[in-house]
Structures are given as C-alpha cells and as structure tokens.
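You will see two complexes here that share chain A, one where it goes with chain B and one where it goes with chain C.
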Partner chain A sequence: MSDRRWQVCGRAGLAWVDWGGEVAIYHRGSGDTHLLDPLAAELLRALESGPRSDADLVSLLSELVSPEPERPPQALAETILGELKRLNIIELIES
Partner chain B sequence: MATEKDIENKENQIVESDSGVVAGIESRRRLLKGAALTPVLLSLTSRPVLGAECTISGFMSGNVSDHGHDDCACGFTPGAWKTPYVGDGNWNHTPFDPGTCKNQGQGQCNNYNGDGTPFFGPSTFSGSDPHYAGKTLMQVLWLSGNQDPHQFGAHIVAALLNAYAIPGYGMSPADVQAIYANVDANGGAAGGYYMGNNGKMLTVEQVVAFIQSTLCAYQ
Partner chain C sequence: MNAIEPDRLPGQLAGSGICIRTGPFVSRIQSRLSAVAAGLALLYPDYPLADPDGFTDFQVRLYTPNPLRRWWRPQVQFAMDGRIPFKPLPLSQAYPLLEWGLNWCITSHMHHYLLIHSAVVERNGLGVILPGEPGAGKSTLCAALMLRGWRLLSDEMAVIDLDSLELIPVVRPVSLKNASIEVIRRFASEAVISPPALDTLKGTVAHLRVPRASIERMDEPARAGAIVFPRYRSDAVPAQAAPETPGRTLLRIAQNTFNYSLLGERAFHALTAVVQASRCHDLAYAELEEAIAWFDRLSGEADG
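Coming up: the complex of A and B.
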C-alpha cells in the first residue's frame, strides 16, 4: 500500500445522519445518499476534516478495530477506500 | 460518530482514569469488530440512467421520469470524426478545418499536420489544459492513452462537431464550449470535474459517459 493521499470529492461536502452505529451520508457533489458501516463512516469523517494519507487512515483504523491477523488494518483500509472511491465519494490527490 | 480528533480529545479527557481509557477503547473495538466487510451497505443514486437527457443540465437534474432520446438527434463518435474519409463525420458541415494529412497508413490518414483549426481559439474552446495546448481539433481526436485522460478531449471535440453538423443534436456549440470551460477551470481532463449550477458534480469520466450517451453508437 503506497502512501497515497485522499480527499472527499467536490467542494460541497457531506450531510450526515447517525443512528448510533450505522451512518447515512448525503454527498452534495453527486446528490447520492449512502448507508455506511461504522468503519467506513469513521474514515470518511477523518477525510471530511481534511486530506489524509494511507498511513493516517491505517493508523486510525488500528485504533478502532481489534487486531485480526487475517484482516490487518491495511487490508481494511484498502477495502473501504476502494469502495468509497468507486462511488466517487473520495478521490486521490494528484501528486 | 467520532473523528480522529474527537478520539484524541476523548483520550485526553480521561487522563485521570487510565482504566476508563482502556475500557472506552475496548468498547469501541468490540463495537467495530467485524465491520467493513461491506463498507457501503446501500447507495441511493439521484442521477438518471445514462443517456436519459440531451443536455448535461438535464443529465444532472435527476429527472428520472423522462427517459429516452425522443427530442434530440444522436451524433457521431470521436472515431467517426477522426476518419472522415470513411463517410461519417463530414467536416464540411462544420466551420472547422481538420488540417492536412501528415502520414498515410494502409490507405488511411493516421496523423495530421498542425494546420487545422486549433483546439483553443475564439470559435472552439477556452482554457489552458496542457494536454490540448498547441494542438488542432483533429490532432486531439487522434491523441491516445495518457495523452488524453479519459478520452475527454476526443469526446468534447466530437460533441462540438456534432453540435454544428447534426441538426437537432441536444447541445448547441455554446453548450459544449461551456462544458469544456467548466471542466478546464476545475482541474482539467486529468482528475478534474464538472460543477453544475445546482451544486452537483460530475467527474471527467461521468462527463465522457454523458457525451457518449448522446452518440448514436452508444444508443
């Protein structure tokens, strides 16, 4: 996992609804609404406050999840970031 | 839902009680254990099906009740416009000049001189994207791979030519020029986006998908 940097797509930002675990976001840039699981929501919260690197996000995940050898934080981060990118919620920052 | 900063603040607040910090973190870990197998549980997209609208504003309006192309004619693809000798994409129906052929390959021109209509100009496009600077419309149609990210340049040229040549094409030349100027001002072909008046955004890939939806080959 290279140390890429990520940010939320667009300037319009996100609107949040939190049901104490599951979180719905409305992405104003695309007009799409997504129901997120808690970890995806945590990563997106971090990205909403500003661009973050892979290392930042893996570090955040390490604080949030119990260590599981079969699913290290790097793999979790890759899964979550890949899905958020596929939905055009986040994007890589061109270096 | 806590941000990273919130977590730091929470830990700082409980400095008086180390056991409380451990309990808090372990509680969160139990809560989140097993999460992210499916990071996004459900998505509700507001965009209409690709190809539902003639114009990009209609495309972005989310009007899903108006599918179909009944009110607009489809256009030629970039591939048709860059091979006018095949029969489609007649540049004589536009005010632009494709330029003269530089190289012939297998009886077809595959490389054009720079004596055609420039990509950037008063009657074509305004902007500064380095991918297209110094090139003609025809040369942009012939760019390949990373020379033309997402093939945005080729598609916007095809859209402009269609706007002139195809009666009833959904977009006017000014519409196409405005799309290009918007993307150019918001980052250009490589990683840029289109920002609509309604605050909605389209990535460059989505803009290309929209243009494709106006082309006959994609309908």
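Coming up: the complex of A and C.
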C-alpha cells in the first residue's frame, strides 16, 4: 500500500442517514444510493471533510478497531477503499 | 358514476367522455369500445364523477387504430392528450389497456409525488406499503386484505406527498394475474371480477372491484407505519415473518420507486423518513388466511 491520496468523487457531496449498524448515503454527483457498514462510513466521513492519504486512513481505522493479526488495518483499509472506489464514491487524486 | 344510467354510458363515453376522480387525479375517458364501457360499468359504479367542464389531469382515449383491421385481428390504441405511448394491442385487451394506461399517466407525469411500485393498504391508522418485487404476489395479498376489511389505497403504486410524507389514496380496481384470479374467486365468492383478458404480456389479467368503503375514503391520506415485502412460497407453512433492516429496506424500496432518479436527493430524504417511521419485514406465506392474520396482528386487531 503506497501513500496514495483519496477524495470523494465530484464536488456535490453526500447526504447521510445513520441507522447505527448501517449507514445510507446519497451521492449527489451520481445520484446513487449506497448502504455502508460503520467502518466504511467512518472512512468516508473523513474523506468528506477533505482528501486523505492511505496513512491517514489506516491510522483512523487503527483507532476504530482492535488489532487482529489476520486482518491488519492496512488490509482492512485496502478492502474498504477498493470497494468505495469500485462504487465510484471515492477516487485517487492524480499526483 | 351511478348517476349515469347504464344504457347511457356507452353514448357518453363515445361523446365527450366521462370524468372519473380517483383520489387526487381526474381522468376524462373517451371510447366507443364496448369492452371499455362494460369494464367501467362493472368496476367503477361507486366512483365520483368530476365536473365535465372542470380541470382534468389526463384526457384518455381508447380506439381502434386502423378500421381496416376491424375484422382481422382487431386492435386497440391508447392515447393521452393526443400522445400514443404504447403500440396497439389486441382488442380483447381493451379494458386492461385502459388500466395500464392510467397507471402510465400517473407514473410518467405526477412527479410532485414520490411514486413507489407497491400496493398500499391501511387499517386502524396503520398504512402498510407492500413493494412490488417481481413474483411477490403483492396484488393477490392486497386483494385478500381488502376483501377482509383493510382499506385499499392502491394496488399498483404508493403515492407519497413529498412535503407531508402522507400516503395519498389512488383507489382503482385491483389487477389480478393468472392463478391469482382463481385464488381470489375461491377466497371471496362475492368478489366482482372483470372477464379475464387472455394472452396479454402479463398472462391472463382480470380486475377486481374495490369495496365502496375504500372509495368513500379516497380523500383520506394515511401514514406509513409498516413496509412489508410479501413473498408467496408454497412451503411457507406457517407464514414466516422476519425483520428487515432500515438500510436494506431503503435500497429495496428505492429500486421499486418509479421516479427515484428523477427526484434525486428529495426522494432519498423522503424514503428514508418513510422507512424510519415504519416497521420493516419480509413475509413469506403459503396461505392467504395466515398472511391476513399476521397483518391483523400488525395492525393491533388480531385475537392473538
């Protein structure tokens, strides 16, 4: 995992509804609605406030989850960021 | 519509038409086709007629598009305000085409409402949305609930006021398909059902008359208190209900919303508010009676 930087796609932002165990977002740019688990929602909230690096997001995840040897925060972040990117909610910032 | 004597109805339909009010919408219907007159006489006798000189939302006409085909595979065409949204269908499908066309009029034009493909019923102040996922059997269950005293708001679409979030009744005959026609005949021998139209795109189709009690309350909105995804399953004995999460309910119901993309964020906030106010369930059932008992318990009316 290199130190890439991420941002939310588009400038229109997101609308949020938080039901505790699940979070629904409306992506104003695409008009799509998504359901997120709480960890993905936390990463996205951080990105909504501005671009973040991989290191920033891994650090945030480390504060949110207890460390598991079989799934370190780096791997967890990679999975979540990959999924948010696949859904066109976030994107890499071209350097 | 009882104000029009049955033998005068075909003439009036062939002339300036009749203006029927179904909830907030007024439709002027014009047609020389006997099947249209017969269907309206059978299914709409208790509906209020609107002022023929007043405002109408939809001007609808059903007619034979090509007189040369009068004898060979005759057809019927639907037009709204002069627009022709569908290809002609066999003449035997004239009445179902009227109902489908009226559905299209609403779902294609009434975007100041949130429009969800679902049945809506109400009892004891509890409005229940039954989204129309394919094969769910929403119309069969909706018909059975209506015949057991639940108020029908709509068999086809939840019409939600975007400001008040109230469910607006658009009370029209219930569309029954294929096996469900016979199921409802057996369930309620007194049910008034139109002659089936065969070989439509949806199979065999017939329409069920709505009880007068629901028509008389067509100006009374309801509050959504439950969203239930019904599923007919022959092995679901007894009926099985399982809670659904609000988030998953939102995604499932958004997929069934005709104008979700069009309304955008407004639809998102309206739907999340409706979901928030509702108990959300999946319900698998094999027997209508068991499903109705479950709904009655939901509305707080059951004996236990």
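To be clear about the criterion, the second predicted complex is superposed on the first by the 95 of 95 C-alpha atoms of A that agree within 3 Å, B and C clash if a C-alpha of one lies under 4 Å from a C-alpha of the other, contacts with A are read in each partner's own complex, and residues count from 1 in each chain.
By definition in this document, contacts are C-beta pairs under 8 Å (C-beta built on N, C-alpha and C of every residue); 3 or more make two chains touch, one makes a residue touch a chain.
The model shown is predicted, which means the values in this text are computed figures rather than measured ones.
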item	value
Fit or clash - chain C, chain B, common chain A	fit
Partner chain in contact with A:17 - chain B first, chain C second, else both or neither	second
First, second, both or neither for A:62, with chain B first and chain C second	neither
Chain A: partner with more touched residues, chain B or chain C	B
First, second, both or neither for A:9, with chain B first and chain C second	first
First (chain B), second (chain C), both or neither touched by A:45	first
Touched partner set for A:35, first chain B, second chain C, both or neither	both
Vertex chain A, arms to chain B and chain C (CA centres, degrees, nearest 10)	70
Partner chain in contact with A:74 - chain B first, chain C second, else both or neither	neither
CA minimum distance (chain B, chain C), superposed complexes, angstrom	5
Residues of chain A at both interfaces, chain B in one complex, chain C in the other	21-23, 28, 31, 33, 35
Contact footprint of chain C on chain A as seen in their complex	15, 17, 19, 21-24, 26, 28, 31, 33, 35
Contact set on chain B toward chain A in their complex	1-5, 7, 25, 28-33, 35-47, 60, 62, 190-191, 193, 195, 199-203, 206
Residues of chain C touching chain A in the complex	245-248, 250-251, 254, 260-261, 264-265, 268-269, 272, 276
Residue ranges of chain A touching chain B (in the complex, touch as defined)	9-12, 16, 18, 21-23, 28-42, 45-46, 48-49, 56, 60, 63-66, 68, 76, 79-80, 83-84, 87-88, 91-92, 94
